[in-house]
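Data first, discussion second: the structure below is written as structure tokens.
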């Protein structure tokens, strides 16, 4: 069953076509990677899926969790917050944590999208509000525990070391209780040890949280280790698609990508 | 730098807390003042407390802000009067200047400060009505009489037995201008009003009432701070009025007449007392020679003993002639205040109030008797114009 | 009909003055992405400079104008160095508050230095004389202002597109960090941007003073706001847009009063309503380029 | 001194170790403030001038909180406070004015019939009037919010400022409702010190609570990073609107209180410059600090009065500085500049007061003071 599908999604900025006719599909519980040289349009693809950009043409289809065999929903150009509400969470290439807030608050806020009590019940501190607030805190602490950040819960998010900030960003995304997780270069700037940890971590959260993961990554190690399938983009065009083994052997990819970047 | 600043802020904080928080101490808090603080007890009554040998006259004027020019002129008049009469009931008179900043919020705190911190016995001022309206209740509650100088709006003295004024009101002035226009043979008029100025809309109403609404051929409005009036002028001129009545501030008046002239219109502008500042013809240039406006006093009018005394003292103190009629009003207001203290024989607020209601004095700007509202019943106004870069006296209109 | 054309003439006169001042706004914004709230107050200071030079020190006007331009330019650079440069890397909101602070400070400072009493702006040459063409009265000023404006626009466009400084300015406006890496002297470029922006304010002030010869500390507030609005209508950052925006705003103000004299009391509100409409319908203005946030 | 402590007691809770001490301190502070207010109201502590300044302090604190919510906590730079205050002030005034006074005040053009016979008397009347004022302002904020909240940063600032001016110009022209530029006078001074401090205390508690809820956190996230917040499922528009409307409500109530404290209002009072004054308070106190807004309001408002000597002429040693009208405002605007340039986070940054924090500060104070003066041993004493 496909969780996400793009049909001819195209994004143009002025005269530049950042993503051209993107057709990808992601099956449930898969880890799929998008690779490609810098400027290939990977992040733009993410932005189209999460609603930050509205595709110039084409569409994005999404299967809501627990929707059985119902038809996929067209989420093209929906607002990012609504898409997050549907169960698609993401991280950012250049870490975007809430800088002025604690690690715990960063995760807490991601629960907001699932909050059921309204503003007035929150202000009046009705019992229901206490209950949901307590639950939120518990859930967030469990999550921090699971990513190994529980000890840092009250520190300022930006005071964490780089690797942990990446993890926190993932934890924050997980707190929105997504079905599909989009990771934008999660290993950027990490050393080999951290990269290895991250690889395991991604595989593990996929299993623990029953997730489907779409990943952008330059680190071939990670990509080859954990991806079920890989799409290769170059200048906005999809030039190859297949299993890691297939991609590794694809001559187009080697010239376009692997040949250029030594990795 | 950061550290020094932190230090400065900490000091500021401490000072502020001393002022606000520790007010429970005996002496009302450390409020450094230009004048030695009076030795106030816990009783806030405005009866003479502290120094028995001085009488304090509070000056409530806009010394900064939009109306600073007017405030400064009146202050000159007050100072001249003070130089002539510096003593009453055998006590020295001290002037306490308080800037109301031409701002309504500041005006109220300034008034509070005058009556409660400085404990003045009587107040003189202000130029402009809105600050007086804002501060009026403060003076009334403290039972400190205030003598308004050039605040011409009816609301100033309304329901306030402690506010008096030596100037005439908008209704008198508006009516007088309408009559003047009719006497001069003008049949139709257009009105351009500053809607953001209470003084202007007041004048407009009385002018229109007296001139006859059917004779007003066109109306237009603008807001204080506007600089372009070409749209308004062009639109009212389309109705071919014989005269334009433009109650407004002096700067706007100057600009308006200049722009009318630039557009090639040769029409008489009528205005009121606020126009009498040099700025008006400086800004408007020769175009302002085509105007008439009312005012309270003119040095070139037939001299009276009072005006001679005033002009001589002014010459001695500041040199030359007063720049505007409001200087004379400042002078008169002070003189009225002193006359009231003399008549009451005390500085008790209630006695002073009573004395003021019964007062009948002749000042530089004419005879001054207060009606039941506390408004001076004036009987004369002066019509002036601009000529050769100066104001020129045209006539004195006496109404009975 | 003459009435209609008279109003058109009035609108063009006001509009070209708006446009003249709006150019300065738009230029600073285009390069630094900063709304300089103090622009109107730099304008005000330029008027005072002119007043002192011509009316107090009796310097001939053609020399005085140069002095005023230089003085205003220095003032602009001083403001940039003290109030904007130290917090260049701070959040944008701080820069905005800083420019509000400068505006507030200049107004209060002017009140202390020059008192609140309005002064008369000295008149220059024969600009104030009027011509009558087919029943429509036009001040010579109304003819000179667009000429001055066009010359300035031409100079400015040449500067920005043809010179090295201009290239540096464009680089800075595109990407601060990259420009720095490419060896552009950021400090000097920003300084010259402010210098030119302030000079434009001074030119605007001198022309404005011919039409509205009144100076007081708050004189820059309304022109500042309205010319900013004009710049936004045209698409802030775009010099041609500022010209069109200024003319449109001037015409709008005059023509609404002409069509509906009863609304003249609301005249100051027109500009704000226009601003809000433009921001709603076309936030980038008539000629502005679309800016996409980089994620 | 005690007042400033009390207002932030809420923050002290939740700390186990010193909880009892803190609770005790908070209670002492509240009682001390109440006693102080009681005697002040009776006229036993300070004169009526000081009472007025205290009242204004509290009103400005409410206004600063209003501005801080939208600017400091939500990161949306709005300058529309003055316009919202105007709506609140006029609504309150027209509701609580006696019928006879209305007839006299509207002397140029009679008041519209539907307001003519409205008179909400006394404390209940003021309560109702403030509530209605707040609600009407909130509705106005809601309507204005639709177009302007789509804008960001400087555009938002200018658009809100524009609306503020439009409100003022409309009020100037609608003579039969607002009495035009003549303004309204003889507004009953029902708002005494209990009212001003009570409303302030209410809003402080309100803000503290709000910031602890998920909604408060959402506001702060929008301030920190809009794109990330939106990707986490926070509806930007909804939350900005919520913040804007609450901010409008507070500004409306603050304006209403101000009208009752001042007793007279005119449209010119609500020029956008007024928003700058409040901005100064918020920036000085710290964008995003409730404590900061309160301390800032008291500091600026009292200092503005206290610094009157600057305008009156003074002596620096043997040098006599003559009377320079307006010097005070130069000092204030310079202060705003200094704060924003060198002390951008203001007095409190985005921190709040807590007893523990205070004790820490006192404990470390000698060290810090010593550190200050080390490079320059010739400094004055700072207590």
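Which chain is which? They are A, B, C and D, in the order written, and residues in each are numbered from 1.
We adopt the following convention: contacts are C-beta pairs under 8 Å (C-beta built on N, C-alpha and C of every residue); 3 or more make two chains touch, one makes a residue touch a chain.
In this text, all values refer to a predicted model and were calculated from it rather than measured experimentally.
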Checklist entry - Which chain pair has the highest count of C-beta pairs that touch? => result B-D
Checklist entry - Which one chain sits nearest the middle, judging by mean Cα positions? => result D
Item to check | Farthest chain (mean CA position) relative to subunit D | outcome: A
Next on the checklist: On a C-alpha centroid basis, what's the spacing between subunit B and subunit C, in Å?
Outcome noted: 36
Item to check | Geometric centre distance via CA averages, subunit D-subunit B, whole Å | outcome: 32
Next on the checklist: What's the distance between the Cα centroids of subunit A and subunit C, rounded to whole Å?
Outcome noted: 47
Next on the checklist: Rounded to a whole Å, what is the gap between the Cα centroids of subunit A and subunit B?
Outcome noted: 70
Item to check | Residues of subunit D engaged with two or more neighbouring chains | outcome: 169, 172-173, 227, 325-326, 329, 342
Checklist entry - What residues in subunit B touch two or more of the other chains? => result 64, 68, 195, 221, 223
Checklist entry - Which residues belonging to subunit C are in contact with no fewer than two other chains? => result 111, 115-116, 265, 268, 295
Checklist entry - Can you list the residues on subunit D that touch subunit B in the complex? => result 1-4, 36, 39-40, 43-50, 52-54, 56-57, 101, 104-105, 107-108, 169, 172-173, 175, 180-183, 185-186, 189, 258, 262-269, 295, 298-299, 302-303, 305-306, 308-309, 311-314, 323, 325-326, 329, 338-339, 342-343, 347, 372, 382-383
Next on the checklist: Quick check on the complex: what are the subunit A residues that touch subunit D?
Outcome noted: 50, 52, 79-82, 84-85, 89-90, 92, 96-101, 105, 108-115, 119, 122-123, 125, 129, 133, 136, 172-173, 176
Item to check | In the complex with subunit A, residue positions of subunit D that touch it | outcome: 206, 209-210, 213-215, 217-218, 220-221, 223-225, 227-236, 242, 288, 350
Item to check | Complex contact set, residues of subunit D against subunit C | outcome: 71, 75, 77, 147-148, 150-151, 153-155, 157-159, 161-163, 165-166, 169-170, 172-173, 227, 273, 276, 279, 283, 287, 324-327, 329-330, 332-334, 336-337, 340-342, 344
Item to check | Parts of subunit C lying in touch with subunit B, wherever the complex brings them together | outcome: 3, 6-7, 10, 13-14, 111, 115-120, 123, 128, 130, 132, 137, 139, 211-214, 216, 218-219, 221-223, 253-254, 257-258, 261, 264-265, 267-268
